[in-house]
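What follows are several structures.
Below, chain A partners chain B and then partners chain C, in two separate complexes.
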Partner chain A sequence: MNTREKAIEKLIFICAAVSVAAVALITIFIFAQGMPAIQRVGLFRFVFGTTWSPTNGSYGILPLIAGSMAVTLGALVIGIPTGLGCAVFLSEVVTKRQAGFFRSAIELLAGIPSVVYGFFGLAIIVPLVRGLAGAVAPDAGATGLSVLSGAIILAIMILPTIVSISVNSIESVPNAYREASYALGADRRETVTKVILPAARSGIFSSIILGMGRAIGETMAVLLITGNVAVVPHSIFAPTATMTGTIAMEMSYAAPDHQQALFAIGIVLFVIIVILNGFAQVVMRRFGGAAA
Partner chain B sequence: MENKFTVRGLNLYYGDFQALKNINIDIPEHKVTALIGPSGCGKSTFLRTLDRMQDTVEGARVEGQILFDGEDIYRRDCDVIKLRKKVGMVFQSPNPFPKSIYENIVYGPRVHGITEKKKLDEIVERTLKEVALWDETKDRLNDSALGMSGGQQQRLCIARCLAVEPEVILMDEPTSALDPVATAKIEGLMHELSKKYTIVIVTHNMQQAGRISDQTAFFLLGELLEVNPTDKIFSDPDNIKTEEYISGRFG
Partner chain C sequence: MKPEIRKKAVRGLAAVMIMTVAAVGFAGCGSGSASSGSSGSSGGNADVVIAGSTSVQPLSEALAKTYMKDHSGVDIEVQGGGSGQAVKSLKSNIATIGALSRDLDDSEKSSVSKTYTIAKDGVAVIVNSNVNVDDLTLAQLQKIYTGKITNWSKVGGDDAKIAVVSREEGSGTREAFTTKTGVLANDKDNTTKDAIVQSSTGAVNKTVKSTPNSIGYVSLASVSSDVKTVKVEGVSPSESTVLDGTYKIQRPFLYAVTDKANSATRAFIKYVMSDAGQKQVKKNGFIPVNKTEQ
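And now, the complex of A and B:
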């Protein structure tokens, strides 16, 4: 029994070690591949340079960072209210059985391959956005391949994350809080906004961070519908390019210098995500506890 | 003696199961009415019909009449929010919100439209004094209520209930999760409160019913078997079942 337990202990230690090793190896690999490019160009000129034109030897990724930020922010602006509204509806308004139907539909969203989202966006969202842009500014000649299209698709893609984690945390709010609120004469709106959502805030917050991570890392869908023009977008109808999309698109034909620059974009992406995670943990520790 | 509640022919069903059978009882104003009986007899369910809290239970259905100050609270256009402002409730386990002591108390008043800081401060001080918690908490009103002891939490919940100025306080085994010292404090408090409020309390504890109540109602299997002045119930009950239960032969 004892030897068997020891063996199992070793085995699961290896499992844990593998995941840590994977993170370490990936980190080492992208830094080894990308650092030479950053050294050559200079960190400041690389991150804040406004021209991304690798064939002309110009490696400024600010437009790509701006593109990624713009679509991610847009996705959050659309996705957070929608996701939260949906979560409140499922956990506080409808019966368990009705909620089950909605939840399986939403969870199905999470299983759809991202290229299908991209295709859907290309076929449905892009023409809609083109029409909208045409109505707003008829002379601009917008194609619909834009920040807004990317943001809408990403918002749909992060819905399952936001909804399912938020529903779980709302449902784990003790029923005693609901009863206390109703017994004091509060209605459902007051109970939800003043008692339930504050009590569930740490879970809701982590759902948003996870959704944001998914949005910033998403590649294929945004690649298909944002237009891939490496300029800082000046409006939501303007085309843009993201860091991930640029890496995916250009890697196949890149010359060695260019390739290193793409890995360097990977480093920047990596650092941004590490900062986001760190920020999320700090905020959660400060505001996430049960008490006010 | 005015009757606060007049209950006539009350039936309550959960789906096919009938939890309350033809309940008739009068609950007099400014008195303590204790509801006793073995587990599952319907006493808590009955308590929760008085402020319509069982409305939140899926599949519950009510027949009959409950008059509160002469008005039927189960009529279609009854304002449940107004009713619950007048009929407060204290639950079995202390359930303060995960907010500060101050925020717990002002939650109800704010819901009912009081926003003025000075007024809210007054309410906090008045209610905390009423439950004898002011001296212990006046310097830490912004601390989380969850950091208090169980007995303090329950007194805070009573203060929170008083903050909306109810006329009736329903208590669902308010001391069953507390130690004897905290229980004694809450019982003393109930005695004070009964001068101003009408109290209906569910209790498992026969001695407690005897100590604090003026009138006692004995429930068994969804039926109300006997309502009488507490002295009479404990010395000379009308119903043989009541006597058996009180003397500990079942339950």
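And now, the complex of A and C:
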């Protein structure tokens, strides 16, 4: 019995070690591959340069950072209210049984490959956005391949993350809280907004941060529907290019200098995500409630 | 009964997997030791190494695959790198065949002893079906893609803004298009910054199909049926107009070799130029150059 436990302990340790080693190896690899490009171009000119045109020797990724930020922000603006509303609906309004149906439908969304989202976006969302742009801002973008299209698709893609984690944390709010709230004469809306959501905020925050991580890292879908124009977008109807999309698109036949620059984009992305995660942990530690 | 069958199936599957792993392992060892023993053949442990243009790469891979099926002793490795790497790889003995999707330039000619045109490819200019322009000149295409012409009315169409769709930097199709139209001049790609960029033939087709007033370019082999193909300088792209040279936006696929080429390389090229090889060229959507095959 004792030896068996020890063996299992060792096995789990190896598993943990493998994942840590994987993170370390990836980090070392990206930095080793990308650092030369940053050194050659100069960190400031690389991050704040406004022209990305590798075949002409210009490596400025500000338009790409702006593009990633714009679609991610857009996805959060659309996705957070939708996701939270959905989570409250599932955990507070309908019965467990009905919620089960909705939840499995939403979780199915998580299983759809992102290239399918991309083609769906290209066939459905892009023409809709083109129509909208034509009506609202005729000069901004004629194609519909835009920040808004990317944001809408990403919002759909991060819904499962936001909904399922939020539902779990809302459901783990003790029933006594609800009963106490009703007993004090609060109605349902007040109970949800003033008692339950604040109590579940830690889980809700982590769902948003995870969703954001997914949005900023998503590649294939945004590649197909944002138009990949490396210019800082001036409108939500303007096309844009993201960091991940550019890496995926240009990696396959990049010349050595160009390839290093793409890895350098990977470094920037890596740093952004590390900062994001750090920020998330601080937020969660500060606001972390009892629940979840 | 049924669970037993399943059990057997699982056991069989497991056995197959173990055998595959073992075989791959042994094959790895085998080829490793063989390569250290073999002499003269350049480029690691393969008999034939093809390096260069990424546009030729899928065709080379398909040709190598069918060739290796019939010649089990031969090992062919296909690498990318771009046309610029083709002659460099030949010179540094990394490759036995340099693959190019353009003609050799003068500096490259001296280091190559023979080139074979294995196939040709045309780049078709496509527009959305609402565009009522049927014919564009190379000069007009250059102006459209460099952003000097932005309205269809300037080239005989309706008064509508042109939505320019391009391929990504580094794409072989983009290289061929920009070179032949003069968008790429003095080694500088002047494609307009307002151009939508799509990273695959399929995505360009789909974007042009669904975006009114758009223009794009794709390999002739992959023009989809729901977009309109325009004539260039009065010639519509087809196998025959590419072969006789009247359709201008086209490129040759070349294999370049040095006089040091080993016998396996020579035999492979002989196969590529044969009827069987050219049939593969056609099957992959490119234009065969061997007239007897058509």
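Methods note: the second predicted complex is superposed on the first by the 285 of 292 C-alpha atoms of A that agree within 3 Å, B and C clash if a C-alpha of one lies under 4 Å from a C-alpha of the other, contacts with A are read in each partner's own complex, and residues count from 1 in each chain.
In this section, a residue touches a chain if its C-beta (ideal position, glycine included) is under 8 Å from a C-beta of that chain, and two chains touch if they have at least 3 such contacts.
The structure presented is a predicted model; accordingly, all values stated were derived computationally and were not measured.
**Q** So, does A:Ala230 touch the first partner chain B, the second partner chain C, both, or neither?
**A** A:Ala230 sits against chain C, while chain B stays out of touch.
**Q** Kindly classify A:His258 by the partners it touches after superposition: chain B alone (first), chain C alone (second), both, or neither?
**A** second
**Q** On the superposed three-chain arrangement, identify whether chain B or chain C touches more chain A residues.
**A** Comparing touch counts on chain A for chain B and chain C gives C.
**Q** List the residues on chain A that touch chain C in their complex, please.
**A** Going through chain A, the ones touching chain C are 53-56, 119, 122-123, 126-127, 130, 142-145, 223-224, 227-231, 239, 241, 248-250, 252-255, 258.
**Q** Mind listing the chain C positions that touch chain A in their complex?
**A** 54, 80, 82, 84, 161, 163, 168-172, 188-189, 193-199, 203, 206-207, 210-214
**Q** Spell out the part of chain A that touches chain B in their complex, as residue ranges.
**A** Those residues of chain A that touch chain B are 95, 174, 176-187, 190, 194-195, 198-199, 290-292.
**Q** Write out the stretch or stretches of chain B touching chain A in their complex.
**A** So the residues of chain B in touch with chain A come to 51, 53, 56, 58, 81-85, 88-89, 91, 93, 95-100, 103, 107-108, 111-112, 144, 146-147, 157, 160-161, 164.
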